[in-house]
Structures are given as C-alpha cells and as structure tokens.
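Input: structures, listed below.
Here come two complexes built around subunit A, the first alongside subunit B, the second alongside subunit C.
What follows is the complex of A and B.
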C-alpha cells in the first residue's frame, strides 16, 4: 500500500507542470470568456438602445437576458474543457509510452521496484482518475467566480443569475461530468475508470507483443465495449422491452464489473509474464 | 547462488537462446562474452523478469525470482534508467523511497568516487557521467548480486578506467557480479568466471584462474581458440 501511494505521488508530481498549465489555461480562457461575452452583450445593448432607440424591455425581449448559458455555448468555455479532455486522453498513452520510448528508459526502474507491478499500473490509473476529478472540481470552483465577474460586468437589469445547479443543468454534458446523485457518480465515473483500465490493458498488449499486440489491443477494446453494450443490444434487437430499465442498468453494471475484472486480471498477467522492456 | 538453467528465448521465429545454463556465485565476477546479438542482454533482462522467456528456469539461492528478489539483485542496464529532468539527488531519493536495501552512505561515497555533483540534472550529463550515475544507483544498494550490461560501452578511456576501478575497491565488496562487455581488456584481470556464448548456446564455461595457471592462457586467448575454431 505504501509503495502504491508513493508511486501515485510520484506520477502526480511528474504530470504536475503540465497540469498547472492546463489549470491556468482553463482559468484564463474562461474568465476572459466571461469578460469578452459580457462586453459584447453590453455593447450590443448600448448600440440597440442608443443608436436604434430600443427600450431596455424591448432589447431583453428580443435578445434575452445575459446568463451563464451565453458563456457555456462559447468557445471560451468549451475550448479549454475540450482541450483538457484531449490532453488527459493523450496522457493516458503518454503515461506509459514516455517510460519506454526515448533516450531515457525509466520503465527499467519502474519494473524493478521491489513491489507488485500492479502497483505501478494502478498508480498510473489513479493518477489519470485524480487528474480528471481535479479538473471537474476546478470547473465547479470556477462557476461562482465566473458568476461574480459576470455580475461586475452586466447590470442586474440585463442579466439572469443562475445558481450552480441551474448552471450545471444548462450544460449539455452536465449529467456525465457533474453527476447529481451518488448513484450517477458511481455509474459515470465507474465507467470512466473502467475505460482507463481497458485502454491500459490494450497498451500492455502492445508493449508485450508489439505489432501483433496493436491488433490484440484493438480487438480487446472492441470486445470490452461489446460486452458492456451486450445487454442493451440484446434488449434493443432480440428481446425488445423484455427487461425493465432497472434490470437493464443492473446487468450493464455487472458487465462493467466483469470488464474491469478482466482488464485487471489480464494486465496483471501481462505485466508479470509477458511485458518486455 | 544465481542459477540460469536451460534458458530459452524466441524473438518472433528466431530462437535467440537455445538452452543456456550457467551459475554465478557470490563474491565472483562472471563475464558473459559473445558477439553482438548472441543474447547477452536478453539473459540479463530475463534474470530481472524484464522479458518473457520461452523455457528454462532462473533461481536465486534456489528460489524463483520474485519482486522480493529486487532487494537482493540489481541490474545496471546499458540504458539511462532515470528521467532526464531528474537531478542526481532526486534519482537517489527515488531509490531511497522504494528500496530497503538502498545504502545512503555508500551512495554518497560513490558520488565522491565518480566526482559527480548531486545537483546536476541527468539530461545535462555526458555519456560517461550518465553511465556513472547508472552505476551509482545500482552499486549503492546492499544486494548480493549486481548485473551489469556493457558498462564500458561508448565511454572514453578515463571514464572506463574509473568504472573499472570500482571492481578493485570495497564498493563491490563480496557481491556476485554478472557482467557483459566487449571491452575485455579493461577487466580481464578481475574476472573469475567466463561464459562464452555463441548461436544461442554456451560454447565454453571456465574459471579464469584455472586456465591461467594450468594452460597459461588469457581470456582473450581462449576466446580466439573457441571462436576461431
């Protein structure tokens, strides 16, 4: 356990510089976005009211009140989220390959640590998971800050103040990133954790069997997705409406646990018996 | 005792090791010799479980190699095994964090011996000094066996002399060493036991002292005899 925690700490510190850059980028982009969007809204309001002699009520009726929704639909808000998501996805591969490839082959050290090799694997998976949770927490913390900036920029008559829950509801991807119940949290984040393990297993296939491993890895990912989707596919195409929705969810969870267990077992085997430096 | 028994390894269709067996004892320097591609590095990787094997057994004091064995046996590969942005001191701290057998006192001694600066980053070091950092990290552990893969490869004469000097100091003590090298002349006088490899098999295995005393031959003489036959 102690070695696992040390490894998690080590992996986190390796990624920290890039992570801090991602955090700063998100904060700067989104706050700038609030300012730009607010200014543009107020610019439009001024133009309509002073140049075109439109009343405040007419303007609001025509253009709507300025709310957080305006920001969430812009590149200023979605851009950093998409970029951070892409960076974390890329890092899922980089976290393994940078230890193998290049001039410095740190994988020698990692595999020769006197601890179960699964600790290395789980530490890398935990790091990715914590990074995702961290980014989501950052976004949650940013909402009130951005709301305050918006309140500074847009007079109360022109804006519609939303609380955090209303803001989250206004986002398309809210249900996945910001689950509102513990069950939803376990479902979505469990699926995320499972995906990390499936991709890690595919990477280990490649690291064990090289060119053949790429094919095996792709087949493994397809098989995992297939297994997970199996209950839904059977219900949709062969036994339509046979299962209650709750039963379908239950069976899908069981399949998810099966895929997770299969990934852990396969990775354990590959790391201990097949992987090559 | 470190025993390699009937070790077999295939890369694709090519059988690189066809049943290699030898034994390395504590307190002795065993040298694996053979041309490039004969499987010397593969043997060391296999001992450390860094590559899968297709047959055979590797035993440390009669037991299979497990994660616990990494506290008794260390490997100094012919590759930089620390991250480039790490300072030498950080690499030493990493070892201290994970290995019970890490000997801080000896590490500091080795740092002085190799005239390295703990605050230097690995990426800023020359090839010779990087090799010395690798050696430092391996030798500063209180282990029974040290595996070294081509420790003199691509290194200038003075660095080679400094590395060879390690073998005559207390820094090696009574540990068992398995070394692969093409620079036999640098350490010929220090080797106790030689394993000559060719075509995936052990061609000849001998104690240098015996060959020197009984036949009046050096390691290089025996190599010429065996490989040119």
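What follows is the complex of A and C.
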C-alpha cells in the first residue's frame, strides 16, 4: 500500500508543474472572460441608452439581461475547459510513453522497483483520475467566484443571477461532468475510471506486441465498449424495452465491473509476462 | 508531509463535491411544502388525488407532484428513485401489481383495460423499413388475474398498404371484445401537404383471437391553418358496462389576429355493442366547448362564456341542456377533472400568502362531497412562490 501511495505521489509530482499551469490558466481565462463580457455588455448598454436614447427596459427587452449564459457560451469559458480536457486525454498516453521513449528508458527502473508491477499501473491510473476530478472540482468552485465578479461588474437591474444548478443546466455537457446526485457521481466517475483502465490495457497491448498490439488494443477497446453497451442494445433491439430502467442500470453496472476486472486481469498478465523494455 | 500532493488532490475535490451536494440538498429543502387542509367532508374523497404542476418564484421553477399527504419535488429525488418514476399513477400502480406482465409495454394508461378478472393491453406496433413505417400489427396481451397466466397474440392490420402510419389512441373492452381506437394517416407525401386522417376502430374477439370488425368512425379534414385531432370519452357508468363512447373532432383554426380558435365537430356517440354512431347536436353557442366527461346519459362540457368558465351538462336522451346546477363558484382558469361520477376542482394558480379551494362534488346531484384548502406550509417564511397546476389526476 505504501509503495502504491509513494508511486501515486511520485506520478503526481511529475505532472504537477503543468497541472498548476492548467489550473492558473483556467482561473485567469474565465475570470478575465467574466470581466471582458461584462464590460462589453455594459458598453453596449451605455451606447444604446445614451447614444441611441433607448430606455433601460427597451435595452433589456432587445438584448436580454446579462447572465452566466453569456459567459458559458464564449471561448473564454469553453476554451480552458476544452484545452484542459485535451491535455489530460493526451497525458493518459504520455504517462506511459514518456517512460519508454524519454531519456534513460525510465520504465526499466520503474518495473524493476521491488514491488508488484500492478502498483505502477494503478498509480498511473489513479493520477489521471485524481487530476480529472481535480479539474472538475476547480470548475465547480469557480462558478460562485465568477458569479461574485459578475455582480461587481454588472448592476443588479441588468443582471439575471443564476444559482449554481441553473448555471450547470446552461451547459450542454453538464450532466456528465457535474452529476447532480452522489449516486450519479459514483456511476459516471466509476465509468470514467473504467475507461482509463481500458485505455491503459490497450496501451500495454501496444507496448507488448508493438504494431500488432495497436490492432489488438483497438479491438480490446471496441470489445469493452460493446460489452458495456450490450444490455442496452439487446433490450432495445431484441427485447423491446423488456427490462425496467433500474434493472438496465443494474446490469450495465455489472458489465462495467466485468470490463474493469477484465482490464485489470489482462493488464496484470501483460505487465508481468509480455511487456518488454 | 510526504504525500501532500496526493492529499491535496484527494481532499480538496472531496470537500468541493460534498459542499455542492449539501448545497443542493439545502436548496431543495427550501422548496415549499403544499398541504391540503380539510374544511368539510370526508378526506377519503381525495385519497387518490394527485396534482401535477410546478412551483415557481423569481429565481426558480420546480416540477412538483402533490398528493394529499406529501409534496414530491424532482430535485429532492435520488437518481434511483427517478429511474423508477412513472408519470401516470395508473401505470405505476399496474407495474406494482403486475411487474412481469407490464414488461416491455408502453407507459400509457390508455392502452390498458382492467377489471376484477383481467388486465388487457392492446397496441398497434409499427415496423420500419429504411426508416419508413412499413407494416402495422395489432398486439394484444391478456392477463388472467386468477391464474396469473397471460395470453398474447398479434393480428396484421388489414389493408396496411393504404396507411402511412397508424397510432393506437385508446383501448376499450366490452363483452369479450377488445376495441382499439387508432388514428390513421394516409398520403403523408402528398404534394400539397394534405393528409388523410381518420379515427379507426379495430374490434378483436379475445376468445377466437380474430379481428371481427374494423370501421372508420371519423374523417379529419386537414386544411391550411387548420388542424383536427380526435377526442374520445368513454361512458364512465359501470352499470351501462362502459359500452358507449363520445367521439368527435377538435378543430383548431389559426385566425389572425385573435390566435387559435377551437371548435367541436362531428360529435357522436358510438356504441361498442351495436357499432352504431348517433350524432349529438349541441347548441351553436357551445361550439367552442371542451368535452370533459361522459357518464350515464349526461355529457359534461367546459364552457367559456362572457369571460367566465362554467360546466355545461347535456342530456343525450332528451337532447337538451340540464340547468339544475349552478357552477358560479368556478373561477376562470380553475383546474378540474372528472372521475367516478365526481368533479374535482382547484383554483389555479395559487400564490404565496393565499390559498386555493379544493372541491369534490357529485356530478349528477351537484352535492358537495368534500371541501378543503390547498396552501403552502410555513407560508410566511417562503415568500414569492406560486403553484401552477397542469392537471389533476384521480385514477
């Protein structure tokens, strides 16, 4: 256990600098976004009201009140989210390949550590998982801060204050990133953890069998997705809604656990018997 | 601290997500409870009553389901509870009692018939070919409640090539026969955009599993700016064996600049036994009436006259309006529903600080059976809320 924790801390340290940059980038971009968007809205209001002699009510009727929605649809808000998402996705591969392809083939030392090789694998998976959760939590904590900045910038008469749930509902991808109940949190992020393990298994296939491994890896991912979707597909096309929603969720959870177990078992085998340095 | 990075990245997200969920809980608990207080009559009268609507204030709109002793907000519901939720209480009850039989059946109460001995399901299944509706099949499933055995069978819709689409609206059962009222569409690809739409009745003899009758009850004329839809009301009088249906067409016409004008057309009573159609002639001023209930020899309509809302009663035997009851107390916009010979009404909407009167009365005698008050609990604390009722349901 202590070896595993040491390895997780070690893996986190390796990416920490870049991760902190990502956090700062998100905060700066989004807060700047609130300021820029608020200023441009108020600028528009001033122009319409003083130059074009529009009344406040007319202006609001024509342009709408300023709300978080103005921000969430802009590059200031979506840009950092997309960039961090892409960076974490990229790092999911880099976390393995840097050890093989970097200087001094670091993987040689990692796999020679006197501990179960699975600890290296699980530590890498945990690192990715914690970093994703960390970024989502950052975004969740940023919402109220951005709301306060918005309240400083835009007078109350021009503002439509959304609470945190309404803010989340104004985002299209919200249901998955910010699950509304703890049960959904465990379901979605459990599925996320499973996906990390599936992709790691595919990477180990490639590391074990090189070119042939890429093909096996792709087939493995397809097989995992297929297994997970199987209950929904069978129910939809062959059983015509025979299962009640709660049963379908239950069976899908079992399939998810099966895919997770299969990935852990396969990775264990590949790491111990097949992987070459 | 050796593992500080790991600790920070674990503890901070856990704290943020926990705060988020606790905050959501607290926000949901601020939504006002709605209570029904007795004033007069037996509370049993409203035991099965369910009000669907939403509660809103300046900040929030929340869907709500109100039962006599509980207020259910979707925000407060856990994920698994939401998964089990069915919007029609009738279907929810059927699933509770006959979980196996209800599998794979559409969640529409209109497609089920139930009495003490049987539960029957009827539908028309549409099969697609190249994303176009291709064939239509009548599906019937009968559950014998005593033996808990079910029998299902299918019958192809005759002359299915003449239809572009067939949609089952409602099922009826009378003396061993199941009748499925369905809306059929032809010529959907007509160049002028006109469609031929009919209300068809398919009658199936359950013992022989055969289609014994098929007829067109109504034909809808769809013109520019006009849209017709069928309505069907069964005679809710059990002594008459649910044998008669009131059928007709609601013609919605878009007129500028007033907006939509709705009129009743082709109003008739159809007898499931004799297959006869008997036209009902209403007075001219009832053209815009909204048919709401049929029991015994009485038809009930919601009338909007001189800016007031009232209930009109029409006797089909005498062909005359009954003027026994006065519905003066009925406010414009009130929600109302009829069930088992009773009228349920609630003033709508209901604002914070005020209350709505909930009335139950006998449709035939006009006698008041129950009167209660609907209001927000702890009204003083919860300012600015309004309850808007979408519908009242009594299974």
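Assume the second predicted complex is superposed on the first by the 277 of 277 C-alpha atoms of A that agree within 3 Å, B and C clash if a C-alpha of one lies under 4 Å from a C-alpha of the other, contacts with A are read in each partner's own complex, and residues count from 1 in each chain.
Simple rule for what comes next: a contact is a pair of C-beta atoms (placed from the backbone, for glycine too) under 8 Å apart; a residue touches a chain by one contact, two chains touch by 3 or more.
This one's a predicted model, so the numbers in the text were calculated from it and none came from an experiment.
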{"item": "Which of subunit B and subunit C A:117 touches, first, second, both or neither", "value": "first"}
{"item": "Touching partner for A:273 - first (subunit B), second (subunit C), both, neither", "value": "first"}
{"item": "Contacts of A:208 with subunit B and subunit C, given as first, second, both or neither", "value": "first"}
{"item": "Residues of subunit A touched, compared between subunit B and subunit C (which is higher)", "value": "C"}
{"item": "First (subunit B), second (subunit C), both or neither touched by A:51", "value": "neither"}
{"item": "Subunit B versus subunit C as contact partner of A:8, first or second or both or neither", "value": "second"}
{"item": "Subunit B and subunit C contact sites that coincide on subunit A, given as residue numbers", "value": "6"}
{"item": "Complex contacts: residues of subunit A adjacent to subunit C", "value": "5-6, 8-9, 12-13, 16, 130-131, 133-134, 136-138, 140-141, 161, 163-166, 178, 180-185, 187, 239-246, 249"}
{"item": "Interface residues, subunit B side, partner subunit A - complex", "value": "45, 48-52, 67-71, 74-75, 77, 79-84, 94, 97-100, 122"}
{"item": "Interfacial residue positions of subunit C with respect to subunit A in the complex", "value": "2-3, 5-6, 9-10, 12-13, 16-17, 20-21, 23-24, 27, 59-60, 75, 78-80, 83-84, 95, 99, 103-105"}
{"item": "Residues of subunit A defined as touching subunit B within the complex", "value": "3, 6, 10, 14, 103-106, 108-109, 111-117, 208, 272-277"}
